[in-house]
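As written, the chains take the letters A, B and C, and residue 1 is the first residue of each chain.
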Amino acid sequence: MQEPVQDLFTVNNLWMMISTILVFIMHLGFATLEAGLTRAKNTVNILFKNTIIPAIGLLTYALVGFNLMYPGADFAGSIFGFAGFGLSLPEGWDTSAYNEGYTFFTDFIFQAMFAATAATIVSGAVAERVKLGPFITFSLLYVGICYPIVGMWKWGGGFLHELSTPFYDFAGSTIVHSVGGWGALVGAFLLGPRIGKYTPTGMKAIPGHNLPMATMGVFLLWFGWFGFNGGSVLSADPGAVSKVFVTTSLAAAAGAIGALIASYFKFKTYDITMVLNGILAGLVGITAGADQMGVTDSIIIGFIGGALVVFAVVLFDKIKIDDPVGAISVHLVGGIWGTLAVGIFGDLAGWGQLYAQLLGIASVGLFCFATSWLIFFSLKRTVGIRVDEKEEIEGLDINEHSMRAYPDFAPKD
Amino acid sequence: MQEPVQDLFTVNNLWMMISTILVFIMHLGFATLEAGLTRAKNTVNILFKNTIIPAIGLLTYALVGFNLMYPGADFAGSIFGFAGFGLSLPEGWDTSAYNEGYTFFTDFIFQAMFAATAATIVSGAVAERVKLGPFITFSLLYVGICYPIVGMWKWGGGFLHELSTPFYDFAGSTIVHSVGGWGALVGAFLLGPRIGKYTPTGMKAIPGHNLPMATMGVFLLWFGWFGFNGGSVLSADPGAVSKVFVTTSLAAAAGAIGALIASYFKFKTYDITMVLNGILAGLVGITAGADQMGVTDSIIIGFIGGALVVFAVVLFDKIKIDDPVGAISVHLVGGIWGTLAVGIFGDLAGWGQLYAQLLGIASVGLFCFATSWLIFFSLKRTVGIRVDEKEEIEGLDINEHSMRAYPDFAPKD
Amino acid sequence: MQEPVQDLFTVNNLWMMISTILVFIMHLGFATLEAGLTRAKNTVNILFKNTIIPAIGLLTYALVGFNLMYPGADFAGSIFGFAGFGLSLPEGWDTSAYNEGYTFFTDFIFQAMFAATAATIVSGAVAERVKLGPFITFSLLYVGICYPIVGMWKWGGGFLHELSTPFYDFAGSTIVHSVGGWGALVGAFLLGPRIGKYTPTGMKAIPGHNLPMATMGVFLLWFGWFGFNGGSVLSADPGAVSKVFVTTSLAAAAGAIGALIASYFKFKTYDITMVLNGILAGLVGITAGADQMGVTDSIIIGFIGGALVVFAVVLFDKIKIDDPVGAISVHLVGGIWGTLAVGIFGDLAGWGQLYAQLLGIASVGLFCFATSWLIFFSLKRTVGIRVDEKEEIEGLDINEHSMRAYPDFAPKD
């Protein structure tokens, strides 16, 4: 007969594994969301990127990422640490001797599923014009190296965690979503807008080609977020996880309503793409403090996140940063908002916490902005990052992939 | 070291949380099913409704629904009780002191995910002609107030639960599906049929525009039903939950075969929409007694449910009630059948149980019919519930949402 | 208060039930993958088959399959055993007295969800030309009888399990995937290629009509594979299940990269269908030894599986076996590779294990080839298995189902 503690370990580990599966399916959510919000002629390209990125993410995380992000006591530094290439099993890896919540392999695979999301966020913002090879190169470096270094600053015990009032980011509004968001901003800026988006007579909307698919993407992301946030409890603790479920769901719901109201006042129509992005912004917003917020806080945070996304989308269009799916508005703006919200509504709300949050936002932002600029700019100056005009007009599918996503249907006009 | 009972509480609560996630994804199932079975020109509208309804459902359930449905001993009545606005945490909310199966927040979020399904069922029946604003108003009232009042009658300890042989409805054939079904019937009747559906020369089928999406919807609903029925055990009890999995799956499978055979004899063709609705009818049918039925009972119940749906669809067309997706046949007819089946096959089968089941069906039906009539009729007489003819012909997407679901594809002819 | 062992039983059983749900959704994965990789005119037909097969699979498995595959000690034989029709509950079915990992009903439903996959694999290979009735007949016999007999040889304690070095097939590279693959090979061969596929001037690619749907299928299959492989641990053992998650995911990721590289060298383009099939081949490949492999082994196995699928697709086209979705390459070639890999990388790697693996591959192959030939050939000689030329050219949807999958969109050309 086993010790009771072993039973609890088995339950905790089970929830972490199920959370892993839930985070995994978010990659399908991103794939369908991004493909749905762009044009049919670039669909294969988006699917290709969103299929390859998780594959690369998993492999690079096994090779270097995990040991950069969680170097362990012997190798840790306050801004950089590395425990060596590959995975090596510590003693007690498969029992509660490793960790009271999960095994070494559960730890690795849960974290690995997170890693690829950062690059997937970028994918949407650079869609319909980025060259495939350079984008894959960017993803490889960004997911394999930049993401885990930043992650270590907080989750691996680095300097953001060691502040007197530590920076707080429960499941990654900054550490995951803003990391993706900064890369998205830099990529979209360096690429420039899609042909025909900003004309002398004003901004021209380029509608997504498959709104059911975009809707499916958002539902799948919400679905996966139960694991993204719920799994970040790092155990199946009944009180903590169920609270996270409530805050996460209410923020998502309030995000939908916030975006609905803001977009109705702004555009006088019921814009489903805004509602969808409002849900995501609500989710991103609650992520930093999903374990600390009360019911009312969560609704306020989600509502503001959803409304913000509408104004952010308008703003980025005003400054001619062309983000086909709204990734920067959702993940960067939403991520910053959620991170600040911890300083406003969280357990230690106040100037001390707010300062820590700002420091976290700024340091992560600086590093991610600089490294993604370095990578994208180097690629731009060497191999180029943008497809040529003819290819962009014809579509990336036929040029980079020699196939169409929907060959049996007649295109419009 | 924790007490063993704490371990079991953690497992039970984990299963209830996972069931919550499964019920959540049913909303994507409804969205894709309803969009797939209607025309491309109304797709954005359907997606919009099916995205906003869960958001509204979660928020109203937090505001009033939960405290109407489960008012608790102090506030309970036999037909109405209310424990006040908002959520307030009872003592021991996060431990087994609240309930041996789950925490307060798990209780709330699991129930909240159920709530929105009732309005989503209505959404399908009124599709392609209902005005958006009035429908949202209806949903808000129906999900926020009518559904939890009826739910209290049985699950909150009301009069249906207090009968000498209590009304039995395990996971909601009546309490959830028929509640939606009655609203669907009233909505479809008061709106009248879609233009062109019933002509002087007979009924004209209006085919759904995306059958892969409809199929996906049914699979996602079946997937979610493992949580809908399995979670209704209210613990992870191995015997009870695994039995529910078997009865639920076999009823769904038998529903497919029942509908296949009935529709083949009726229409001499292999009609996938009938098979899909047959699966759903099998699932709705088993829901009231999923914990009581044996293997053979489940197959019989599912088979009859699946066959019934074919005849019901034909019947509603005969009396010119236009239900684009078959929601009334699946959820109302299937729900009544499943509820009666408990009196025929259940643990206490016999006249006593049958009487209780009929009383439950009738009282819920009367209340839901009356309240949905009241809401829809008031809206019809004031703001109107039906879009104008021009809008209906052009499609709701372009008129209410200023966008198309598939702008890159050429429409047929 | 319960015994601690009861808690652990509850957790183990919970994981097996969740695995059941995950394997269930693989049927949606197959449906969308196969529909996406074929033409729009045959989509309803594919959805119909993939909806009916799981229904038939569940019902026949309850009627005969389970008792053929797991006849139990009293009825077992080394190549055939049968414990009678229907399900009968053994004593202690709902407690750990039945089995330390799960209840009788969990056992049944988990295995039943596996059963239908074999026929679903065949479905893809015979798509776009097989007659519906005969295919359903084949599926019924193959899933109901052939699959469980073979399964018994290993998992029910038959002769492959009794070898001195037993044949090893953890979750079914051979017992499930190759079983489907052999049926697919025989079916595709006896049907002959689709009209227009192999012309005097060479092979003509017939592109799939909906690549987002195909991509969704692969993600759903990967998602489900966490239950397919993870559930095959038959408990929630933290070390074993989390290891399986890692090996499964890394093999899938490496399969994507293997296929990407092989297809780029072969076709000089980024072919998403190859990457998708590469992921599946990686998954099929790791399935036989997912519990035994290390991190590096898994990556090698997946990579080779992914590369192999590219060459296999080319090879089958060379010998004019027309497999519209690549099912034979993925499930038969990948299944054989994965089974052999256990003899190369597994715990007992060496000639003894390799011999056992070869014996398993050969005996299962012989039986499945012979029985599927017998069934398909008998059907061909009597009712015919191929639709007539006019129907094949017009599409099966309009001829067998009197409906179109996408009636609102204009077809190409």
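Assume a contact is a pair of C-beta atoms (placed from the backbone, for glycine too) under 8 Å apart; a residue touches a chain by one contact, two chains touch by 3 or more.
Remember, it's a predicted structure, so these values are computed and weren't measured experimentally.
Fitting chain A to chain C on C-alpha positions gives a rotation angle of 120 degrees, to the nearest 5. In a homomeric contact, the two copies may use the same or different surfaces; for chain A and chain B, under half of the interface residue numbers are shared, pointing to different surfaces. In this assembly, the C-alpha centroid of chain A lies 33 Å from the C-alpha centroid of chain B. Taken residue by residue, chain B touches two or more other chains at 3-4, 7, 11, 14, 18, 210, 406, 409-410, whereas all remaining positions touch fewer. Against chain C, in their complex, chain A makes its touches with residues 1-4, 6-7, 9-11, 13-14, 17-18, 20-21, 24-25, 27-28, 31-32, 35, 43-44, 47-48, 50-52, 54-56, 58-59, 62, 86-87, 93-95, 102-106, 108-109, 112, 132, 210, 213, 400-410. Within the complex formed with chain B, the chain A residues making contact are 3-5, 7-8, 11-12, 14-15, 18, 22, 39-41, 207-212, 215-216, 218-220, 222-223, 226, 230, 236-243, 245-246, 249-250, 252-254, 256-257, 260, 267, 269-273, 275-276, 279, 295-296, 299, 406, 409-413.
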